[in-house]
Structures are given as C-alpha cells and as structure tokens.
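Both of the next two complexes hold chain A, though its partner changes from chain B to chain C.
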Partner chain A sequence: MKSAPLVAVIQFPGSNCEYETARAVRSSGMDSCIYRWNQWRELRDSQPDAYVLPGGFSFQDRIRAGAVAAKERIMDLVFSEAADGKPVLGICNGAQILVESGMVPGWEKGRIETALAANHISGRSGYLSGWIFLHTTTRAQQICPWLGMTGNGVIPLPIAHAEGRFVFSEENHYRAESSAALKYCDEKGIESSDYPINPNGSFLNLAGVMNEYGNVLAMMPHPERAFWMWQLPPWIPGEWGDRRDESLSSGSHAAAKGPGSVFFMSLADYFRGER
Partner chain B sequence: MNLRDELKEAIRHRSLAMTLEEAEKLAGYVGRMPTPLELHLFDTMWSEHCSYKSSRSLLKLLPTHAASVVVGPGEDAGIVKFTDHDGYSWDLVVAHESHNHPSQVLPVEGAATGIGGIVRDVYCMGARVTGSLDLLRFGDPLGNSGEKTRAICRGVVEGIWKYGNALGVPNLGGDTRFHEGYDDNCLVNVVSLGFVRHDRIVHSFVPAEAHEEQYVLILVGKPTDDTGFGGATFASADLEDESEKGAVQVADPFLKRVLSEANQNVLDFLFERGIKFGFKDLGAGGIACVTSELAAHGNLGIEVNLDLVPVSIPDLPSEVIACAETQERYGLAVPKRISAEVLDIYNEKYEMPRLFPGAGATVIGTFTAEPFYRVLHCGREVANTPVEYITEGLIYDRDWEPSPTPVIEPDFRPCDPPEDLKKMLLSLDGASRSPVWSYYDSEVQGSTHFRPGEADACLTVPIPGCRAGLAVSGDGNPWFGELDPFLAGAHAVGEAVRNVVATGATPIAATDCLNYGNPEKADVFWQFRRGVEGIAAACMELGLEGEDPLPIVSGNVSFYNQSSQGGAIPPSPIVAVFGRIDDFTKSTDISLKTPGNLVILVGDRMDELGGSLYYRTCIDHRGGRVPAFRGKLEREMARFVLECCEAGKSKAVHDISDGGMILAAAEMAIASRPDARRGILFNTDELNPVLLYSETPGYLIEMSQESWDAIENKPEFLSIAGIVSDEFSIAAPGWKMDLREILEDHASRLDRIIWREEITE
Partner chain C sequence: MKDVSIIVSLKSPDPAAMTAMSTFRRIYPAKCPDNLLRYDHWRFMNPGQGTETVSGIVSRYHDIVNPNKQTWSYIDEFNKPSDLSDDGMVWIDVLVTDRIDSVSENWTAILRRSSCEIDGVLCSVLWRFGFASGISCDDARNRVLDLTASTYRDHGLLANPVSQKIDLPAPLRI
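The block that comes next holds the complex of A and B.
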C-alpha cells in the first residue's frame, strides 16, 4: 500500500494552473504528480487514487472550451477510472473538459448533457475574475469525496473564466437539481440569480456540478487559489473574513489554511476513511 | 545609376527609416551596394527602437549600479538579488517596454503582443515569469475623439486579458490614465517580472565554449510569416495613419504557454548536463537580429540557411523571412552533439508540430570562427557582413531647446469638501479601476497576496514556502508632465516608491519607459532630457538599501509618439519600482480597520496644486505650481513608514497622490470590509483646499493611540489628521460626505463610459 494517496494532476497543452493545484494537493497530506497529456501510459502504470484536471485554456479553447482535451486519449483512462468510482475533480477549464466528456452530470453514459456557456447576465458579460461566495448542497456533502468537510457555511472563492454558465436542455431541467453540488450565494448564504451574486447567469446558480455517485465534481471557482488564508482579499466579509483577521493578529497568517483547502482536505479525509 | 542614387531609391521603395548617410555608411562597411536583407537588418539595428541613437548619451545619467544588481541594462532584462531560500539564491528578473504605435493602430493585437514580447525578455534569462503590469494612457473618452478612444481602451484591455490570462501570468496591476494629449497616440507600457535561481541565469550570446566545439543555432516556435516586417522601423517614426497594420505582429498565448513549458524542460536538461548555451527571444528584426546578436556578442560568426526556416507562407523574399517579427519564437545556441536531443524535447515530448501547424524546433545555422554574418537562401548568398558592425550602434546628439510652461495659478479656489470629493471620486482619474481589473486574472499561479486596489502596490509571494514578498507599482503623471517635465520624472519614481513602501516593502530596483514625441524636435528633446534628469535625481535620493541609489536595471525609450498632425503626447516618463518585504505577513493594505484608531498624516501639505485632480475636476484649471520634489524628506518619510510597518504599528497605509488627503481617506474607507464599514473623521473644520486637496507627497497611516504614543521623538513631518469612525463616511466638524451615496457610481463609472458607452455628458 502506498504511504499516501496519489493524486494525478493532468497537464494539457494550454493548462496553466497545474503547479499550484499540485501544491495544494501536497499541502493536504497527499502525493501529487503532474502528467503531460501524452503520458497516458505513465499515468496508467502509476495507478493514481484520484485525478484533478486543472484550470487553463487547454488546446486554446478551440471549438469550445474543453472540447478538444475531452477527446484526448488520456481522457479515456480518466473516464474509465471515474466509472470505477475514483474521485475526479475538474477546476475551471478542467470542469469544462469534464462537461465536454459527458462525465458530469453523466445521467446517460457518454452523453453530453450540460454545457458551460459564455458568461451572460444583466450587468456583465465576457471574461470575469473576482471573488464569489458559494455553499454546498446537503446531498453533495454526503456523497462527494471532495466536499465531505465543507459543512453548511459560506465559502469565498475566486473565479476567473469567460464560459462558466451551466446550461441544460429544457427536458433535463427537472433533474439538474439532483446533480447540484455548489451554488453561488451572497456572503450570508442567501442564493440569488442576480449579478454579482450569480456572476455568470448559471442555471440554478450552479457553481459546481457532480455525477450521480458524487465522485466526479466539475467546479468553476478555483479552490487552489484560496488554499491559504493569505490568498484571501483583505475585504472578505463574514466568517472567513474574521478568521483571516484572527490569523493576522495571532501571527499564524502564513500557515493558516483558507476556504479552498477544504476541498483537498476533504479528499484526504475520504481516503483516511477508506483505509 | 550610381551607388548614392541606388541607395536613395532603395530607401524610398523599401520605405526604410535610415538616412542616406546611414545607408552610405552601410555600403562602406560591405564595400558594395548592400543586399535587401542587409538594408533591412541594419535599418532595424540602427532604428531608434533598437539603437537608442538619440537617447543613449542621456541615459548614462541614470544610476544603474548597486550592490544588489546582478545584470544591469543591456541584456533582454535586468536582474537583481532577491532572497535566499532552501540553500539557493533567487534573483528577480524585470523588463519594461512600450507597445504604443501598434496598440493605437490595432488595439487588441498591439496590446497582446506587448505582453507577448516583454514576457519573452524575462523567460529568455532563464526565469519563470510570475507577473506583469500594464501602464495605460488613453485619450479623453468623453472628448472629441471619445468614440475612438473608448474603442481603443476596450481593445487594449481585451488584448491584455486574452493574452495574459491564457499564458497564465498574473496581472499585478499598473495604472490607467486619461488625457486628451493621448487622443492620437495611446500608450501601452508593459512590465514583466520573474524569478530565476542565481546559478541558472541564462545569457543571450553564444558561450565561449563555441570557440572549442561546434555550436549550432536552433530556431524554435511559430513558423515564420510576414507579420511585423519593419516593426521596429514603424515604432521609430511619427504615426502617419492606420495603413501600417502590416507592421503589427499577431500573438499566440497558447503556443507561448506550451513553448514556455518546453523551454523550461530544455533549460533544465542543459543545466543538469552542465552544458553551456545561449538563449535569446526573437523580437525586433526577427531571425536576422537574433542570429547576428547571438554570434556577435560571443565574438563568433554565423552562417544561417533560410531554406531551413519553417514558413507558413510560401515564396517569401529573403529579407522578409530574415526580418519579419513573427511572434512566439526563440533562438538557442547549443553544441551540435546534443542538438538532436533538444529538438526531441520540443518536437516529440511537447509535440509542438502536432499542436500548431508548422511549429517546432529546427537547426537553421552554424556558428563559425571567422567573424562574418552570412545568410544563404535558395543557393545564393543574401547577406555577408562583418559581425562587429551589426552590434556597433549609432549615437546622435540631438538639439534641445527649453520650452517651460508658464506658471498660471487660479485666483479663486472654492472649497466644498463633500461636493469636491464627490466630483473627484466620479472623475475619470478618480473613479475605481475595478472595471478594468475585472478582466485580468491576478491570481493564477496561486502566489498573489494583494490584488490591484487592495493595497498601494500589488504583492506576490513568488517562491513557495518562502516568506519573502515582492511588491510592485508603476506610475507616471501626465498632468505633471505637461507642466514640468523634470518633476514628472522625479515624481514618477517618487510615487512608485511610496506605493511600494506603503505596503511595507523596501524598494530594490526600478525600470523606466520614457514616452515622448519626436526627438528631432528641439522642444521635445528638452522634455526628454528633463525627464531623464528628474528620474536620475529621484533615484539618487530614494535608494533605501544602504547607501546605494535606487538602480534602474532595465527600460525602454519610446519616441515619435506624435501624430502626423504634429501633436506630441504630454511628456510621459513612466517608472516601475520593485520592493522586497522579508515577511509578507507584516505587509499593510489600505483598508480602514478599527474605529477609534488614529489617522496619522505623514508629510505637511504645501500650496502646490498644479495639475491636481482638484484643479482639473472642481475648478476646471490646470494650474502651474507642481509639487516640488523633496528627496531628503521623501527618504525620511519612507524610512518612517517602513519602521512602523516592521514594528507592526500601522494597520493601514495609503499614499497621498491624486485628489490629495481627502481622496486618499475616501479610498481607505471604500476598501474596508462591506460587513464592517469604516470612515474617517478629520479633526479640523478648516475649509482649506491646500490641506484637503494638495498632492504634496505623503501618506495616511491608521494606528492605535498606544502605537502613536510609543513613538519616541516624533519627526516634525507627522501630525494627527483624524480618527477612524464606524460610519461609512468622510467627515469633519461642519461637513460630512456619506460614501454610500456614490459607492456604486464610483465602482461602475469606467464600465459605464468605456464598455457600455453610457455617455451622459
């Protein structure tokens, strides 16, 4: 048995968040290794315990964001591993890849059932970077290995994307809720479909969507950019703002973990439970 | 036709920038009529953009030496010592350039290429690029050319985010200013920074080992096309019209990202094998410049075969293949024996040919002992010249003629603080920049501590596990520039230093970009001269590390920012300052924190409101008396601020610049937590524009009564301005400005004008 769980971070041409994502994994007590898109053999042979598709602009967002990467051979491996129940996380462009590969929501195997469309909401269209607040659904907390420790609090995270609006076809609206994992809300936890609380017009204020078993999670916000308390803006309100101020006054600011760490720590905790 | 006429004719029909005298000099060097390739190569090498022929004699005034400097001006980027961590020394690599003309003509491509070009300068020193800043100057979006100005502004911002975000380099701010003097010439200055292990610095010339062993030249990146042909020449003449779009390059951040990953892999491979090599990016002059400079600076010759260059357009003439400025390319000088392994990393491991048609790495040249620059194409020799001439620059001493602006002060200065503050907060220069920043990714790489707007300077923690933080800010005030070119230079350094110091970081280096009109005009050259003198004077005074001056380690001169109608831009010296804080957790932002804390004013207010935001927006006057530069005082104030920060006394620090003390106070309140709003209650009821609006350099500091009392023998430049209140307002006995009223307008002002075109005026 390996000393610590191995989390594979997959680098596609155009990925640009692979290094900080791998660091976040390691800082959570797990091993991490970055695999290049054409290293599918090495990936297969190292038998990772979980997979992360990091953010970036894989294949230049040609056709649609994530569309080309989803067709790369290395994704066949991720696809079958996910089917075996291995935890898979897609962040931002990684989420777009998961959507384009049909792994989320994954109601019917191999079918693309949702899309991450261009940000569009009264007040703002186009690329947007900034901080949002989200909370996790009860079901997701129960079944998603990435969300076990999130609790019912409000989680501030940064977003940085031009295509982050989850959309479903009319006939699937009724079951979208069942795949909801993360939802945009205000600093007090109240959901709203108004900008900037919902930053991109996402259906049901969805910030993250999971498959029916919860082992695959596609999220637009960047937890790896909020792993440490010092990565939070000084103005962040609410509970995490208070925690930030405390870490500053208590001199523990450099080592204190931020809201983004919860996603990775949850996975580590999930593996501890497995053993 | 005699040689002179032949040269005249060549200059005309090739629209070269070189003078007939320069062409004759070249003919003398090669001893015949120069080939087309030679003409274009030297036209680039001798262009203002590459040769600094007008400016070099004056640039000698700038201090470039300090104990911390590893590589000063001269190579692609400057390098200074940063910190030691885990047994390694880490150096900071910085570069600063302009991409003004292209951005005026093709804003999206021009601005994108600006980032693309400057990051290559940092990458090719062996560094990982960890940040970029954009210093933007646009015309008046509400003025006569408003519609065009707004389109250029939107385009430039789009070019910046589309390139920078995709490349994965966090945007660390910069500034955006509006002035009708930029209606015909916007300025897009770009700063790029990165970090390199001291033992892994790479140089841009073929190493001495090449005298012993056969070295070859590998060209890697995008296939060559005809874009950017004559780009450097284009940047070295007045902007005629928009017919010169062909001279603008097309950038590709996707290819650059893959290329950067592959480069890092190649550099690691070469260092681990202990192989000496040379590495240089392709910029102005394309293949011709990179091949000749790699050879010349290594005292070798080179033979380049253009038939081996991958091209994306067939049948290009020799001079176009050799001199086009196609983006995303590098030149690498390595021993022949390992060249195959290097090619494999690019072409097989990173699959560049598969990812981008025609992209990849190819050997295109061989270094030679005999010091000649030879180029072959289709079996013909298309260039053959001694290398020493290629890097030998020209120097011109331009005439200069003082043309000071007469000092005219307004005779009446009304003072209605709530009204004046409101006007300034909603003015183009006082409105929030967040609509611009919201397009930029400031957090990729996961090292950002302060994003734009949170503190006076952005602050990043670039080395994982190390507490050393880097603070960076870029500044330059065109309103000072048009009134006093010397003070514009001095205050550009001064304000950037204050912004870095306000976060608690000690300035360790600076870069400059000097943007002016046509240097052949005596009054413009005088403005340039004064600007350089101002920067030099400030850098001599503001070195805060030991006795050294603040060293200028890299920079750029951009002349001919002048429309054909003759309008030159306001003198625009723009300076970026880089600072180090050993423990980033001690850094200070600008947000007000605790009601009851004191607000300390650092620096007495003087009656010098020339070019101030108050004059411009509240009484529609430019004024004449620009704040004096008091170097010794600035230095003492900076030391005081740094000591307070180090001692943990200061809870918030904001420098005083545009809008004076009252606007600084409002910005500190607006930065406070939305669920814990704060404001400032000034302690004087004096309705005095000098006190409230003067832009005399200084700071506001929030600190507790105890911390204040604990300061022994307080310097005379300190006074108590007021206290932090738990009301979201700026107030004083007798007046109050409720910030709730304007918060939304202040935040969305630029978005409504520039992006939504809601023009109410």
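The block that comes next holds the complex of A and C.
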C-alpha cells in the first residue's frame, strides 16, 4: 500500500534532470521513483499516480528534440494514463516529448498539433540559458493539478533550451489561447513578445501548454532548478526577491522553498484533495 | 544568375540517420528503407561568382563545413548529389526546412556583412531514402512521405509539419 502518492520520473537516454526532479517531488511530500525508458513493465506494475518527463537531451536531440522518445513504447503507457486523467508534467525536453507525442494540446487524440521549434530571436540563434518570469493563466490555475498554488503572482524560473518556441498551424491560431497555461512576462507581470521577456519568439508568449482537461502540462522553464530559495540569483526582483531576502535575514535560507516548488506542492495539494 | 546548393555530410556514419533507421525498423518495419543518408543542405542564393563564391565561403567558414570531420559537394539542379555513383537503388530525396529559421537568417546577415556577393542562405536537412530495386518510384515516394511527416504520434518521424516544410524533388533512379 502506498504511504504517499507515487510520481514516476521517466529517464530516457540523454535525460539529465531526473534526480533533481525526483528530489523536488519527494521534498513536496510525495514519493518518487525513476524509471528508465525500457522499464515500461515495471512502470505499469507500480501504478504511479502521476508522471514527470524531466529535462535533458533525450536521444541526443537527434532528428528533432523529443521526436524519438515520443515513439518509445513507454510513452504508450503515459499516453493511456493521461487519457484516464492522471497528471503528467513535461519539463523542457519532457515538454518536447509531450508535444511530439500529440499529448498537448490534444484537441484530436494523438495528433501532433503544435511544435517546439528552434528559438527565433533576431541576431542570435541556438541554445539560450537564463532566468525568465512567467505567470499562470486563470483557467490553468483552476484545472491544472500542477498549477493550483501558483496564484496570480509572477514566478521567476530558469530556462535552458534551443528549441522552445511554441508554434501552431495557422488554422489553429484561434484556439491556441485555450491551451495556454504559462506565459512569459516581465517582472511586473506584463506580457511582451520582445526579447528577452519572451526569450524564444513563442506564439502568444507561451511558456507552457496544457491539454483540454488540464492534467497534461508541457512547460519549457525548469521548476526543479528553482525548488529551493538558495537557487534564486540575488538580482531577482519582486515578491520572490523579497521572500529570498527575508529568508536570508531570518536564517531560514537553506530550507526555504523557492518559486519552482509551487508546481510540485500544487500536485501534492491536488492529491490531498485540497484543490 | 542561379542558386548554388551544397550538401555536407559527416566523414563518420551520421548518428541521426542511424537513430532514424533503428526507429523506423522498430515502429514501421514494413515501410523501412534499405538505406538512409542524412546531409546538411545549404542553398546559396544568387552568389555573385557562382560556385567560386560558394567555395570561398565554405573554405572560410568552418561552421558550415568543418574539414576535420565533414565533407561536402555541390548538387545539381535536380538535387542529384554529383558524387554518388549508380548503385541500382531507388533513391528518394526529402528536404526538411524550418518554416522560420534563425540560422539561415543569421548566416545571411553574416555573409552580407562580410561583403559576400550573395542574396541569402537557406539551411535545410536532406534525407536520402534508398530502396532496393523492385519498388516503383510512386510506392517509394508514398512510403517516404509516410515516414517523414510526423502528423500523429504513431505516424512519421523526420519532420513536424507544424514548424517544418517538406519538399520531395522529382524521384531519381541513380
């Protein structure tokens, strides 16, 4: 019998954030276990309550980021569990896998309706690493188990990707907003399509996209890299900057939870039935 | 003046092509090609002195062709690599190009800044599917389209049509 909800973290060849992701899950009061991509039987038999696809470079990003992992047999299981309503989170490369699996936005079952294309920024190309600010859409806060505690504030998180630009076919532009979960904004919460506020040229300033029911979330920023307050750089302004300063002056800095924790704590809350 | 295109390949076996082949074998065994090659494809638009301008660019910028690990050749207007010999196979070429591409834009800017006589650069990936004889060109083209366009989770691999353009030049029997 499970003492706490079990969150499965799936490791593909080339994943590199599985351990910190699993630690973030455990530090939020849930249980976590890392399953390799070829352990689909073990994954099936352990009956996890939720799934996380962590960041990294699955299959070395060969062909296209996330494209090969999306075809793996273990994703059949994740796909069917998501269809049954279990929470699934894809972070960065995990988000790319969810997109290439057709799990977000999921308007038509299994159809690939969006892409995480190469960053498009005037005068530069390639890999981008830094801190961004985002806010959660109202609908996502209401229906997404990963976002229930995010509130209306601005959340600073790190990004690190070369292919993070959400794009949709022109015929789907009208309904892209309905799948919006997280949007890039400045430190005051004001959206802009300009770099560096929108760091990659993403359509509608999208940092995260969910499926129709909100249980599947694909996000490019890394919440597990901002789980603890000490991971926040000193220049971060706003509410989280103030909290950081407060934790430093009160001596609670080492144990204080950072902005990335709200995603995992939201899931724990969801399992406790508080959301 | 016309455009000049080159293809660039690794001297060692291409890991992306090997991964694509093994994925095809696993998920589409009936449609799998007998050979699959991958090249970087660079199209130089209206180079002032034609191939002379292009060879100057290639020898100057090792980000386009790194001579330590890559080889390159021109391809003719039918997209037929000029250095491939007749091997009795049916070869179908697919060109995959990002609909919006910072790399092409930035290389165009770099080359213009360096006073190259050129209108622009377009980077793509060229995949060459080889099928053993016995298959018609039409069948081969249909297979290649199925294998390339990733429209559903269980359909296609090499290009996501939401963000990438897929071009199939006329089939070649090399």
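In this text, the second predicted complex is superposed on the first by the 270 of 275 C-alpha atoms of A that agree within 3 Å, B and C clash if a C-alpha of one lies under 4 Å from a C-alpha of the other, contacts with A are read in each partner's own complex, and residues count from 1 in each chain.
Definition applied: a residue touches a chain if its C-beta (ideal position, glycine included) is under 8 Å from a C-beta of that chain, and two chains touch if they have at least 3 such contacts.
The model shown is predicted, which means the values in this text are computed figures rather than measured ones.
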Practice task
Applying the touch criterion given at the start, work out whether A:A67 contacts chain B, chain C, both or neither, answering first, second, both or neither.
Solution key: second
Exercise for the section: With the two complexes superposed on chain A, say which partner A:E187 touches: chain B (first), chain C (second), both, or neither. Expected result: first
Exercise for the section: Considering only the touch criterion stated at the top, classify A:G110 as touching first (chain B), second (chain C), both, or neither. Expected result: second
Exercise for the section: Name the contact category of A:G56: first (chain B only), second (chain C only), both, or neither. Expected result: first
Exercise for the section: Considering only touches as defined above, state whether A:A254 meets chain B (first), chain C (second), both or neither. Expected result: first
Exercise for the section: Identify the partner contact of A:P237: answer first if only chain B is touched, second if only chain C is, both if each is, neither if none is. Expected result: first
Exercise for the section: Check the residue A:N38 against both partner chains and state whether it touches chain B (first), chain C (second), both, or neither. Expected result: first
Practice task
Go through the superposed model and pick first if A:R23 touches only chain B, second if only chain C, both, or neither.
Solution key: first
Practice task
Under the contact definition given at the top, report the residues of chain A touching chain B in one complex and chain C in the other.
Solution key: 59-60, 124, 126
Practice task
State the interface residues of chain B toward chain A in the complex, per the touch definition above.
Solution key: 161, 165-168, 253-254, 257-258, 261, 349-351, 355, 437-451, 454-455, 461, 464, 467, 583-585, 589, 591, 671-676
Handout entry: Touch list for chain A against partner chain B, complex
Key = 11, 13-14, 16-17, 19-20, 23-24, 36, 38, 55-57, 59-60, 124, 126-130, 158, 160, 187, 222, 224-225, 227, 230-231, 233-238, 241, 248, 251, 253-254
Problem - Contact set on chain C toward chain A in their complex - result: 15-16, 19-20, 23, 26-27, 98-103, 105-106, 109, 150-154, 157-164
Completion exercise
Within their complex, chain A touches chain C through residues 59-60, 62-64, 67-68, 70-71, 75, 79, 100-103, 110-115, 117-126, 167-169, 201
